[in-house]
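Labels for the chains are A, B and C, by order of writing; each one numbers its residues from 1.
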């Protein structure tokens, strides 16, 4: 009974047209040209590397896309169990008319050619949007992105701020900031002006969120202007050789200034909490980051109290932090539970985390899912995975365990998938 | 098959007459007078606040109970998914003959009036006890509670000690202690005398437990009398401006003294581990506390070893600590796993935590559930939630996965729900 | 449907002949002589102790095996719910032709006598291997084990190194090391020579792994030879009264040297992370250890990067660390997820942890299970427990949720149970 029920709920949820509230899509080149764009995604290169393929073979310069895809697929044997592999297969079936259920040395070349032919169609991006039932996607824009040359109602800008908070020690960041704002950062006042200009620019281009990813050790506090002044002077002159305490004070000052601008410009501030960068420096591109799961939202206590009128959609990297996310969203009006991020974006953790959220966080304060994708073709299989799990949780924990009607369950699922994205980010209505 | 099985097990477990081993019931006013008493429960006010209702509107002084209930229910839309909402509906159905399955602007007023009529009956409290199949409830008494005017075999006293351990910096605590014991605390010796008198008083009134809630950073150690002497002098003279180290030493001294008295008076010492108070000071009444899930039972190593003859029923606030609770209960004879507390009192976490306990802790060392309620009407829906989950775990993990008979499964469930409360707290036999 | 499916998958997996990649079997006395050997296992004595039986009664010197078994079983009432009890019953049913489903004061004596008769047969060990469908087992050998008198292809040596890393402060360790290697440790150079000789000896006897258990606070770093020299001098002269920093430096130096030898000798290095020893010193033999679940694999970052060509099969003690194990195995080519250890070796945690691994770690990098047993009779019920859970996960998460064929699911299960043990440890092929 539960399996048919799950299917019925999934089929309903699968009809919805969605807005993807967090991706890394390049608005000027949103979809793939060949399977090399697909399999260049770090999920495939890092798993292949982990399973024994050398980095040199995966990332050899100068090889053709076809050569790269062939190498990867011929070594796919060890990762056929992974959910990431299943994304690839489902994508191929639904978008590329692939009729197999596995891909290997024998059949990849035909798939490659078919893909290349389909992807070269002028309307390929449109086809992907349509088949994926997507209306628009949020971007992840560098702070100095001109945001030009695309439809910002379909590719919705989002100001990504990691560089500002954590890499002002890099002289290049200062240069980029000057080029973007025509303001040279020399002190607290000019830093505030420059950051304000970024928000002006982004919101004038229709940006709907500010976002940042944060290491587990980060615990934002407000620093006085005087302290910010000396710390900033140290960091601007000494770069990465500045005192750690100064670097931390600058990060805090910039971070706090971003939150102030989110308040002024009424932008939600997406916090993606928990990543340690370059834990495995010999890893493939984008396959080097991991985490320390010993992190707590208590580290954000001051921030959440200081900005009651800023909405913080929070993603946590490890499922062990999910219960804190549930509890903080249940208590703090300005905290929203946001999607299932990266290492927690696999079915077992999604199911546990989704179920815990659905039963204890107000239904208006949960964003079901975002794809985090770099190429448009991944929305379909990733959202399909999520919708199956959501349907399972709604079926088992609501319809069966709590006697909900199927209609009510679908309404709840719809709100997580679409409604809350509209209301929280003020889009698509 | 599993669903019918779960139902059969639930129906059996639901027949049991229970003792609720932890509540915040006021023995002099145990049940509600109107729905305002029900919806004044922090679970509703804090969720409504989190979902966007202003604190001013929720807690406006001088409004009638009916006005307050109307305001809350008319804003219930965003929390209809929560398990807390379902408690309210089930309570209304089972205790107030409500025949709907949702409550909103259109039907709340009639429900309010019905409730007021029923609750004004002289035997309402008795009716609630009976319909809830409750025999007695444990209280949470301030240390200076006279414990008079009620039947202490039905409303079982429990000495709550947070104020003594953590708020001796508050001059008022010292005054209250003097008033309760006629002993002025001036040094270690008089502190011991005063605390001994509290235990005398409580046990003479039938108290069956001592209890305390503890922050995640607390790690009790025994301090020498000499150290306690100087620390106590500092805290008694300087209050909250005393050195943190002195405050901590006093907390440790008092805590250790409580454990010594639990040994002398043969009282279990309920430890409720993990809460940070006032994390969200702008929150509604009782809706301000949260936690840092980075806590370990290793912090209690010295205590557990020092008091082998004191039973410690332990509750943990976050489900990530549950496995430690399972393991420590499996190894330490004096550790008992106690209920599903607060932020872990939602179905997904209860199910995972309950299943893990049932398969690895001796069956005699697990207290299934307590309601933690402030008003008697909540025992029914909260215990019903737990019993459904317990029935599910027994059905799936024991009858199906391990081929247990239904009779054996019910025996195990009965022991968790009733038997162990009797043996561990020495009540109701 | 799912239950029949699970059974079909289990039946297939149950046919496999396995190699147990981690046990504490004594190759010179591998199986039990009476039930006292079985119930002397710490799982039974510690649960009985936890449930109220005194240590004196459990461990009284001079009592017969039969007396000991009688005492334990007559007190089994409180632990009949535990999975450990179910191991005993299944073992008795499958190996001893016991036809009951519980054991108590009324029937234990007959079972004891039957067991003794069966176990006294000359081919009992062979019978157990056969009925358990085991081909060989890994041992846990002290570094000074002569490894003589047994078939090392059936009882595969494994160099256990806790004493070297953590107990060089004990003068006895130094003596044992000298006796084993004819090398007196006086400095860094001689320590390297002695350790190299241990690896020579072990690999010449067919050792297939090096192993160690580690406390939660351990975070290995490379120390310079100069630092190692002073630290070693301090520890060798002062023993356990040496500075903690020196002790830590020596632990790091020895640990790093072990990893270097694993590289040289191409041995996997089993890391069993997270145990605190003697947390409950008054506990029964082997029933005193617990843990602090606040541990992270980030502590092993330097090690994993420094030894890309050493395979690290990692076990974690607490399920809250499992997601890190999944993620680190998914990223680092040299990390393998290894079994379900000790306090995480119970069905609820195995199911959650196994499911998370299966969907995100390359299938070649997961060792399904090891028994950790001290006597051969436990392989059967422990592996049976694991295979039932594995069959459940494969049925529900792969065949049902992901439309896998049963054949593919069985292939995956087979790889976890047998194939990966062969490839990772280079045995049994």
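Note that in this section a contact is a pair of C-beta atoms (placed from the backbone, for glycine too) under 8 Å apart; a residue touches a chain by one contact, two chains touch by 3 or more.
The chain list, named the UniProt way, goes like this: A, B, C = Amidohydrolase.
Not measured: the values here are computed from a predicted model.
Chemist: Please state the rotation angle, between 0 and 180 degrees and to the nearest 5, that superposes the Cα atoms of chain A on chain C.
Modeler: Value: 120 degrees, nearest 5.
Chemist: Are the two sides of the chain B and chain C contact the same residues or different ones, given that same means over half of the numbers occur on both copies?
Modeler: Counting shared over all numbers used gives less than one half: different.
Chemist: Which whole number of Å gives the spacing of the CA centres of chain B and chain C?
Modeler: 39
Chemist: Going through chain B residue by residue, note those that touch at least 2 other chains and give them in order.
Modeler: Those would be 294, 320, 352.
Chemist: In the complex formed with chain A, which residues of chain C make contact?
Modeler: 1, 294, 296-298, 301, 304-305, 308, 320-321, 323-324, 326-333, 352, 355-356, 358-365, 397, 400-403, 412
Chemist: Which of the residues in chain B end up touching chain A in this complex?
Modeler: Result: residues 3, 46-47, 49-52, 78-84, 86, 101, 276, 279-283, 287-288, 290-294, 318-320, 343-344, 346-349, 352, 388, 392 of chain B touch chain A.
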